[in-house]
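What follows is a set of notes on a single structure, which appears directly below.
The letters A, B, C, D and E name the chains in turn, as written, and every chain counts its residues from 1.
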């Protein structure tokens, strides 16, 4: 019988359950699911395992992948072609162009996008916010004022987990907030040295230094979900995190708007930094396997699956033609923001999640951001090092 | 009051009685050799004297004072171990100097003394080597030097020669003897080797199973062993022992192995008494020709160059005899021998203790 | 093993004071060494609420074995929710042949390198020993290539091969040091008695190698059981070993962290090696003394 | 008796040992030395995400040595390595000496010191991360006991985090070192210690002057084992800190891994692997040479 | 044609010449003892015969056929090693049966033969034990049994007694002798021990540095040593050697140590020739009283029980003499001794070879 072997890092909790939907769906179509989970921060270990499999000449059928990794692999010429299926199902029309950038290579479909996450969110404990006046901050100044208020309340103002990708996630939101979408594109996407070392960037790093003062002692190395738990339990006032954090709040039986508030990171309303999980189909040179691959790709793009998966995962569908009725308030807001941004050209790939720059550049930026946030280098040094590191990593 | 007095010393380890009431007295300048089969407690006794293993009961006095409460280093005793126990990480000079260093002797003086003792033992040229680069005999001398340099009031030697080959053994043995004579040191010496014991000792103590069997001069031990164990243990080849019964006039014995070949006794005993007749091989000769001569068939001939040992059959028993190197006994033919009965030793058949001529 | 009896018993000051200090130090260190294990065990018996609020060093208030059951049989790893038990068996299926083969080869190599020396034996040994020290990250890609060529990619057999190859250096070292001290006269004697190469090995050397076999097996067992890098690179998926599954369980990026389940799974993963160390620790020491590590 | 072809028979017997050794040796040649050559080739290629065999000369090495984080990794290795080796040895030696004093419960204590070695990094890291975290672990607990000012936050302080990694490493390996020293201690001739006692040396002096010098071979073995573990230390860092905070705990091994696999700079990663190999060779080759030059025993 | 013929055998290891052209011939049933100082190549020679180490040149023939091409197990030779080389993991019976098992002897027959040889060597009761549970002497017998059971045409023994203590040595030595006499086996035997060599051998070969010094019967070796090395090596204490110059009538020698004390020579030599005068301690006695008697001061007295050894000073040299146990020489006093000149041995001062009386 037909089977698909799927390499992914959604190993537990809601993600695995969401993936279970796909597995069951495929089972109904007579395609067996061979699971190949490899956990570890945004797929680091998974990519190692993948490299080993590809080098061995035995790639898995489908691989969960992010952003520039897809381009890198496509460049190696090892991916399959989904053009026929995409044409048949009209993916070109329903998938936002910014996403298509990553799902296509040389004009050919090579991956099936599952979802769209966006990273520039702020999650606030409603009770704490109410105590502070109940008004959501709309720019950095208001944010600092709110955090000061939280501090006065005796709680940790900002729950943050000190891992490079979390530092990076916060940094890109601040970049977007201070410089707007154009600056973000210029500095991050185009990695313009002047922008990377300029005055706006100085403001960004100054903000980061200031934000650092609102963390608790044990932020370093903490997993993001533990930080979310602090907000949920009222030990902390807010957390900057992508929309996957919502899952934590929902699982703790919290209701958006009642127990917690989801807003775009202050100063970034109308802009969306996204990342999208996609299933990349490897070229296996075997018709039977290819047929299973296509069945899987088709199942992934099935609107019903898109709803089922994304309601669980906290993300929004990769297709824009999916009704939002099944989603909660935050989800609805996310879908609306995404559609607007896609239309208005204010949709850009998230650096921290592999959609802004290739891995090498991303890690190089993380190096500087993380070291700066941890006080290992000064702002001046950071401004000098950032363009250098980016140039060196290219 | 003797210089060293060991008084009803006992030691048990985990319920095992190793030493069962040892009494020893040794004069200043004496050379006491402790012999006995393996495991009889010789090392245990030495360790107790050195203070390395505390006794369970009894006392050890040196020069009239009990040393039991003293730390080993405070007893003023030096010990030479079977394995020499040289410190492999130090040079010979450092090895010899170690006890002096421990006692705080200044460096200059230490070097003088090391050189002096090195001269005595002819190891001056080895002072800069490490123990690993020495031969067995040289190591032995270094170990001795390390003991000597302290000028202790008592030396303990635990089988110091057992690792050497036969030739070297003879040489080092002579060296130890000379040393004792030159320095007049008091020495307690453990060995398995009978020749060593006989040639070195002024006093021999024979032990068995933690009990002293006999204590006396070498001549006493060899010629008048207290019991069959001592007689058998000392001497090579072992003393010929023939169990039998006093017969005839009480001055002869009928050996069990050949009841019709009566052997003369050195003194008269009650007829019918069970005894063991002992005679050493060097006290049997093929020269005499008297009435008491025996004609016995030769079973084995062992010429050693300096002597010829023959093994003779007496009924169902064997007798060894030492003949001069020049003699030429023929295998399986009869040899006429005589025994020097005055040197025969008689043991009681029951108690296995020696019977003294005086007591008849 | 009562050693230095004299040196310690009589040497310095009042004996009992010394003993108290020695035992005190030893026990303090024992406590320090044990703490992490204690925390893991205690946590694995606590409920999630208790963990969130509580003191990590405290004993569980209402002990529950729920986390253990879940870790073993029903925790989700990927899309299957059958706990780690399947992976436990994977690990066993990998570890047993890998340990046996590498030990066996090491023994044979040690035998040849000490008792059947040939010109250049030292160089051969030196090259094999140096192999112990290469960083494994650097061989991942070439190894994947070779495994793929052999058709062993993503299989337990492939993992066994990898572990055998990279365990050879140490097992050869262990056996070589051990057989070095084994009397060559025995080999000569057996040769004259008419025994051949393998007969001598099987009948004479092997029966006397128990201490070093224990050391070798413990060492290899621990290393292979605990390996993650090779496991994740060459056998992720259904044939994944225990460590990969454990990692999937504990370091998933989203979702509630069930620390009690994580800890229970961690302890389960560590159990075989722990048992091996505790049960065979004495023989391990004996083997070390017999020359596995020169000292 | 007639022996048809004695020469042939002997021939087989002569060849058998080499035949037995050959497979292992071949495996090592291919899988170790072949791969080293392969890595060397990669380090001079333009490989990024997957191996490509386009010559790039020493470009990767130049880029490697232009990376501040590579120097950070080397510096961290120096700190971590020296602490790890010296403290493991000191602690292992101390425990071994203490355990050698006729300890009744030795049989129970030994496995306690040894067991950390038996744990996988996934386990150790999970526990350690939690345990050393100021907010949840030991600092929190001790504060809970009433010592409000107790601070142990090295894990999250960039300047101190590498020491935390060292602590965890020491916890894991010192028991093994202890076992090595204990084996060495047990091999020392008892008579030597008695001799030193009679010579008037105190317990302390006996250890300082006699026992510890005699443990030289055990020291050497320990240093070699620890050095190679320090250089290869990867699991420990990844599990405990992931290289952070910042890149404060980056080591050459994690550097190599991340450049090869997450940053898609395979050539640079391979270059760093070659540098590491050279470092290891610099330690190991003299050791192997001295070890194999003369036949010991 | 002898049974065993070793023909210009050489062996070098890495440029070191260990054996430098060894020629040996041994008759069937002969007992050849190989002696020589440590490191002279004895074991190397034995290993070459056994086939464990191939020679570099030369030939080894048994019964007229070269065995060089044969595997050790095919040479039909049994070897007993110094350490006995018993397989520690097998019982005594399994040890003894191992060579039979290897040659494919059926189990039942094997057991019979094990029992038979066990009986001969009186180790029947030990058959189920392991070597670790045996004493040194018992191990020695098991090793012998393992060799015997194969009924080989040649036995090789490599210092089989050196691990035993003095007492046991004497016993086992006698046992080996008896065995040789009973079975008529051909034996090559290595030892360090002079007594062992003398008592066991039908032929002794003395080696030094890979070269044979002398080969002959024990009596020849002891009484007519080919050179000073052999004379010094055989005998304990070593032969007294006095270098000097032929003086007076050519029948006396002026020893360098005391030129005025002329010593008689057994035969006349050219006056002025440099020679070495050798005499063994047992050939010096305190009994005679002739003109050639010497009065020498006693330096050391060593009573061994069976004898008394005295060390006498002759000028700057020393002489050892063996006196009967009954004699009582006094330290530092003069002792009148005579030498049995007929047994003195004279060596050339240059070549150090023995000078034969016949050649004057």
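One rule holds in what follows: contacts are C-beta pairs under 8 Å (C-beta built on N, C-alpha and C of every residue); 3 or more make two chains touch, one makes a residue touch a chain.
In UniProt terms, the chains line up like this: B, E = ATP-binding cassette domain-containing protein; C, D = ABC transporter permease subunit.
A quick note: this is a predicted structure, and the numbers were derived from the prediction, not measured.
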(request) Check every other chain and keep only those touching both chain A and chain C; list them. (result) D
(message) By raw count of C-beta pairs in contact, what's the busiest chain pair here?
(response) C-D
(request) Farthest from chain E by Cα centre, which chain is it? Let me know. (result) A
(message) As a quick test, compute the distance in whole Å between the mean CA positions of chain B and chain E.
(response) 26
(request) For chain A and chain E, let me know how many angstrom lie between their CA-based centres, rounded off. (result) 91
(request) Report, in whole Å, the distance between the mean C-alpha point of chain C and the mean C-alpha point of chain D. (result) 15
(message) Can you list every residue of chain C that touches 2 or more other chains, as numbers and ranges?
(response) 5-6, 10-11, 140-141, 143, 247, 250
(message) Where in chain A do residues touch at least two different other chains?
(response) 41, 48, 51, 55
(request) Going by the contact rule at the top, pick out the chain C residues touching chain A in the complex. (result) 52, 75-81, 140-141, 143-145, 147-149, 153-154, 232-234, 236-238, 244, 247-257
(request) Spell out the residues on chain D that touch chain B in their complex, using ranges where they run on. (result) 189, 191-192, 194-201, 205, 209-210, 213-214, 216
(request) Please name which positions on chain D make contact with chain A in the complex. (result) 48-51, 63, 66-69, 129, 133-136, 153, 155-158, 161, 241-248, 257-258, 261-265
(message) Going by the contact rule set out above, which residues of chain D touch chain C in the complex?
(response) 13, 16-18, 20-21, 23-25, 27-36, 38-39, 42, 51, 94-95, 98-103, 106-107, 109-124, 126-128, 130-131, 136-138, 140-141, 144, 171, 175, 179-187, 190, 193-194, 196-197, 202-204, 206, 215, 217-218, 220-221, 225, 228, 231-232, 234-235, 253, 256-257, 260-261, 266, 269-270, 273, 276-277, 280-281, 284-285, 288-289, 292, 296-297
(message) Taking the touch rule as given, give the residues of chain A at its contact with chain C in the complex, in rising order.
(response) 5, 7-17, 19-20, 23, 33-42, 45-46, 48-49, 51-53, 55-58, 60, 223-226, 229, 233, 244, 247-248, 251
